[in-house]
Amino acid sequence: MISYLPYPVRIDEIKVETEDGNLKTFKLVFENETQRKAWKHVPGQFAMLSLAGQGEIPIGIASSPTEEGHLLFTVNRAGKVTTALHQMHMGERMGVRGPLGNGFPIDTDMKGKNIVIIAGGFAVTTLRATLIYLMEHRQDYGKITFIYGARTPGMLLYQNELQEWAKRDDVDLHITVDREAPGWDGLVGFVPTIAGQVAPSPENSVALICGPPIMIKFTMPPLEKIGWTDDQVYLSLENRMKCGEGVCCHCNVGPTLVCKDGPVFTRTQVRKLPVEY
Amino acid sequence: MSKTNKTSETNMTSETNETDTWEPKIIAFLCTWCSYAGADLAGVSRFQYPPNIRIVKVPCSGRVSENMILSALKSGADGILVSGCHPGDCHFISGNMFARRRSPLLGNLLEFVGIEPGRVSFSWVSASEGEQFAEIVKTVTERVKALGPATRLIKKIDQAA
Amino acid sequence: MPTINEKLTEEIRTQAKALLADGTVAAVIGYSRGSLPMTVKPTVVRASEDCGKLVWNSFCVLNLANYLPEVLKSVEPPRGPRDPKPEGPLAKVAVLATGCWSRNIVVQTQEHQVDRDRVVVLGVASRGMVSRRKVEEQFAGREILAVEEFDHDLVIKGADFEEKINRWSVVRDNCQTCTRPDPVLVDVRIGEPASERKNPNPFQQVDKIEEKSSDERWAWFTSEFSTCIRCYACRNACPLCYCPTCFVDDAKPQWVGKSLDAVDTGLFHLLRAYHCAGRCTDCGACESVCPMGINMRMLTKKLNKDVLNLYGMEAGMQPASPLPLTTYATDDPQKFIVTEAKAVKEGE
Amino acid sequence: MKVFRLSQTELDNMVQGWSQNRRVYRPAAGRQQSTHADCAPGWERVAASTPLTLPPGPSKTSVKTFLFPQPETMQTYTLKSSDPDKGLMKEPQKATEKQIIVGLRPCDARSVKLNNLPFQEDPFYQVNLARTVMVGFTCSAMCATCFCDQMGGSPMGTEGLDIAISQVDGSFIAEVLTPVGEELTAEIRLTPAEDSEINALAERRKNSPQADFAKLDVLKGRDLNTLYKAALWQTLGESCINCGACTFNCPTCYCFDVQDEVVRGQGRRIRYWDSCMFPLYSLHTTGHNPRGQKMQRTRNRFMHKLKYFPERYGLFSCVGCGRCVKDCPVNIDIREVMSDLLAVE
């Protein structure tokens, strides 16, 4: 039986991620020990963040299952609930319901393959979870390529971690910003351009792409040119959601329910759907 | 300024009102240029007026929409007072004139569906009329007191259901 | 001998065909036959050969002005939200309009929702539209399978009955009290013009409620709106309701709750009616489309009465002057205004 | 299975007997003046001395209101700072009291089964389902707007009912179909029906319109994208005014929205009916709306009923009660939509 009751959690840490202050990462700890232990998720899944008096919002889980004891959510301030969430303080109570959705195929299709992760803007959250998971289980996967772009250096999420990952030699990291910026000596250019330059080999590989629709649209042609097929590419859809359990119908894209059948789909699956996302 | 004091806060949150200790809660939408300044002057000049009003500062009485008035009633206000500049004195030239035009339509409509006359009042108070502001608040408070606690159009939610 | 409505139907088809054929208009908004007795389908005809499906009868209760802004947009060349308006005149749309609908077009023009130059009004004098609900109530418990319409009678047919009833007796309340059946805008006249009807007191139903005590009025209000299912058919059928985001859909702040709470339902109807103040032409579409049979028109009618009595205005009758609530006079009534200490309300 | 014969008086007495110590609801007779606090529009609590006669066809509003109430409180909480439980979501006590619904038609009874497919794992629906007893009336004839037979039901069907009552020349035959139904009839002394009466009923059932899937099942095999791109949606969407009259009166429309309501520090999270006809239904916070046009929303409703739902659950999400046909302000007729869809090349 579904339970719509959120688990009570407390905000343990709030980190402002970007220079415009619109993105904050919330570290949530469970109030209840049994619930903490029972929580199991897969990178790519999402959860409903619940604020009493405000509502619930579906947000991708930014922490990897390997980071035990807490959950991370990076939230952009946009609507009613996220605005209220941004005004909350450390130690305050909120709720989490989940984990929901299918997540990336870390144990099936991705296992033993080279992984290419392409992220744009704040869609990087669940990919951060994935990357950390992959690094913790490094021997199970082949080469890892991580391409991540933001508008400006200040808009990059998880900057401390990016620096740490850059030091590792088992991850091929490409961080880019849209325009030249003072103090930035890394890559400059849009994600599709960088993806074209990096040109990851499609051989025994899987790509996970998350970002604004326009980025995904332009990232595909350079990949296709070097032989990537739709089956190898995983995308994460989003739609307005209410229940998150495949009941309320809000997130339907044709017969598919993003919350239950997704949010992760192969590009082949997405192509078959009507464009209602 | 008559901000919500301790007693009135408990009043706002208490579910039931004892009739003998009941004090009306009146939401006053005051225009920032005249009536709010008038209320300020009343305070500075120490004119006494009933502590039943809760002030919401608005840029102009013309800004006060029916949505605001009705959601105040829905949330349990016993009375509403909308106050702006005197006709002709509006900071935005004519905002209060539009407010005046709308006022009888909303007032009549509320009476038409059975809301007691006197729950919703409008007034003109200029920045120099501290005493008049105190008097108007007295009049409005007395009128709402005479009507008793509001029972209509108040949203209640059933916790048990 | 064809009935009046049959003749009008014929004329509508001919005129629509001519307008579409010579390219005067790109679309005609009218009605086609419904699938059930006493129903019609609002239809947009874009090709002259399709004009044969247009009909006119006593069951055209929905206000066609409701479709006008959208259809006007649909005949424009497609453009993005930031693209400039295309050069040159845009395609026109013809719309059938009776007295009240034409007044709605006037209001839409005043509110810049509709460009009058792009509208060809096919003006038809209304003989009063029949309330399907009134007929069904007369035949409660019996299923109506067909309704034949004559000039002054309706013949109601069921599996085992056939009865003739007077047409006017089942005409909608708003049509019965209407004084202006003839359109105020006519570009192409359909049928004969109608003269103004005499009605000493079009607000009789409102007066009846006003006479009640405050408690009785509250009882009336709560009971009348208790069966609302919040389907918003009244709002969506209204040509005045074109806000991109309605106040009920606002989340920040949420003015009105969305479930079937009596207070929320009441507030929705009060605010919806109030938003129509000075703009409502009493076309009765809201009431006609309500699946639950709520008489929400009483609220707008009351506002119409007040606007007329206080400001001497009727929606859509003064195309040149501003709408009642977008203007003011220096001597506007001060009924609810507390002017001084111990103030007594004016008029009490 | 027990079968009884009842006169009109016996039937009324039986129903009123139940109402002594249980909640019994029936379709409201005529236009309602008010609604009960525990009762949705279109239905009323059975009171003494109201004879049970039903007009032909389904009730004004559907039975879903008892299983999927509008609104349903999902959680309650307090926002008072003094309370240590501030912001803690609690599940409300679920009502377990039996409710008896008298006078629903076979189409509505079928809708309960259909809704149970998406709500299979839904705690609220399941609790309500478990406490609801359905005493249905079979239809002697089909209305002009009825098409239950095309959707896989039949006017004399008993699927989903606890007790099925059929009118047979002036008296009633009650078929007790479930243990719950037996429990209800056990407390009253009833006359068992004669074999001849049972046979006559069976004969009538045999001769009544039977579920016929053949025509519509063709739709299941059709390509989704072809149907999705059909030209008919444009015409349909143009006349649709995007109200929720069809969805709210539809027994098988089950979408819901979730909202928080707070009054003076006490809050609750409720779910209530939503309609895919409303622009807000699919609107993203960014302002992007995947179904921003009227036509897309109209299409979604019919595609959901006739294509998406069957793809997921194998059955059409429609019972053919005809309420949407009757209530649509602009006369959009799902039967016409279905035949137009079948004709799509």
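As written, the chains take the letters A, B, C and D, and residue 1 is the first residue of each chain.
Please note the rule applied: contacts are C-beta pairs under 8 Å (C-beta built on N, C-alpha and C of every residue); 3 or more make two chains touch, one makes a residue touch a chain.
This structure is a prediction, so every number in the text was calculated from the model and none was measured.
Asks: Tell me, please, which chain's centre (mean of its C-alpha atoms) is farthest from the centre of chain B?
Replies: Farthest by centroid: A.
Asks: If you tally contacting C-beta pairs, which pair wins, A-C or A-D?
Replies: Of the two interfaces, A-C and A-D, more C-beta pairs touch across A-D.
Asks: Which whole number of Å gives the spacing of the CA centres of chain A and chain B?
Replies: Spacing between the chain centres: roughly 49 Å.
Asks: Using mean CA coordinates as chain centres, what's the chain A-chain D distance in Å?
Replies: Here the centre of chain D sits 40 Å away from the centre of chain A.
Asks: So how far apart, in whole Å, are chain B and chain D when each is placed at the average of its C-alpha atoms?
Replies: The computed centroid separation for chain B versus chain D comes out at 45 Å.
Asks: Of all residues in chain B, which are in touch with two or more distinct other chains?
Replies: 155-157
Asks: Can you list every residue of chain D that touches 2 or more other chains, as numbers and ranges?
Replies: 257, 259, 261, 267
Asks: Give the residues of chain C touching no fewer than two other chains, as numbers and ranges.
Replies: 257, 261
Asks: Please categorise the chain-chain contact pattern as a line, ring, star, complete graph or other.
Replies: Basically it's none of the tidy shapes, so other.
Asks: Go through the chains and record each pair that touches.
Replies: A-C, A-D, B-C, B-D, C-D
Asks: Quick check on the complex: what are the chain C residues that touch chain B?
Replies: Interface residues on chain C, with respect to chain B: 206, 209-210, 214-221, 247, 253, 255-257, 261, 263-264, 266-267, 270-271, 273-275, 277-278, 299, 302-303, 306-307, 310-311, 324-328, 330, 332-343, 345.
Asks: For the complex, give me every residue of chain B touching chain D.
Replies: That would be residues 12-15, 75-76, 155-161 of chain B.
Asks: What part of chain D is in contact with chain A in the complex they form?
Replies: 74-75, 77, 79, 86-91, 118-119, 121-123, 126, 224-225, 228, 254-260, 262, 267, 269, 271, 274, 276, 281-286, 290-291, 296, 300, 303-304, 307-309, 311-312
Asks: Under the definition above, what is the set of chain D residues touching chain B in their complex?
Replies: It comes out as residues 73, 76, 80, 92-93, 95, 261, 263-268.
Asks: Given the complex with chain A, which residues does chain C contribute to the contact?
Replies: 251-252
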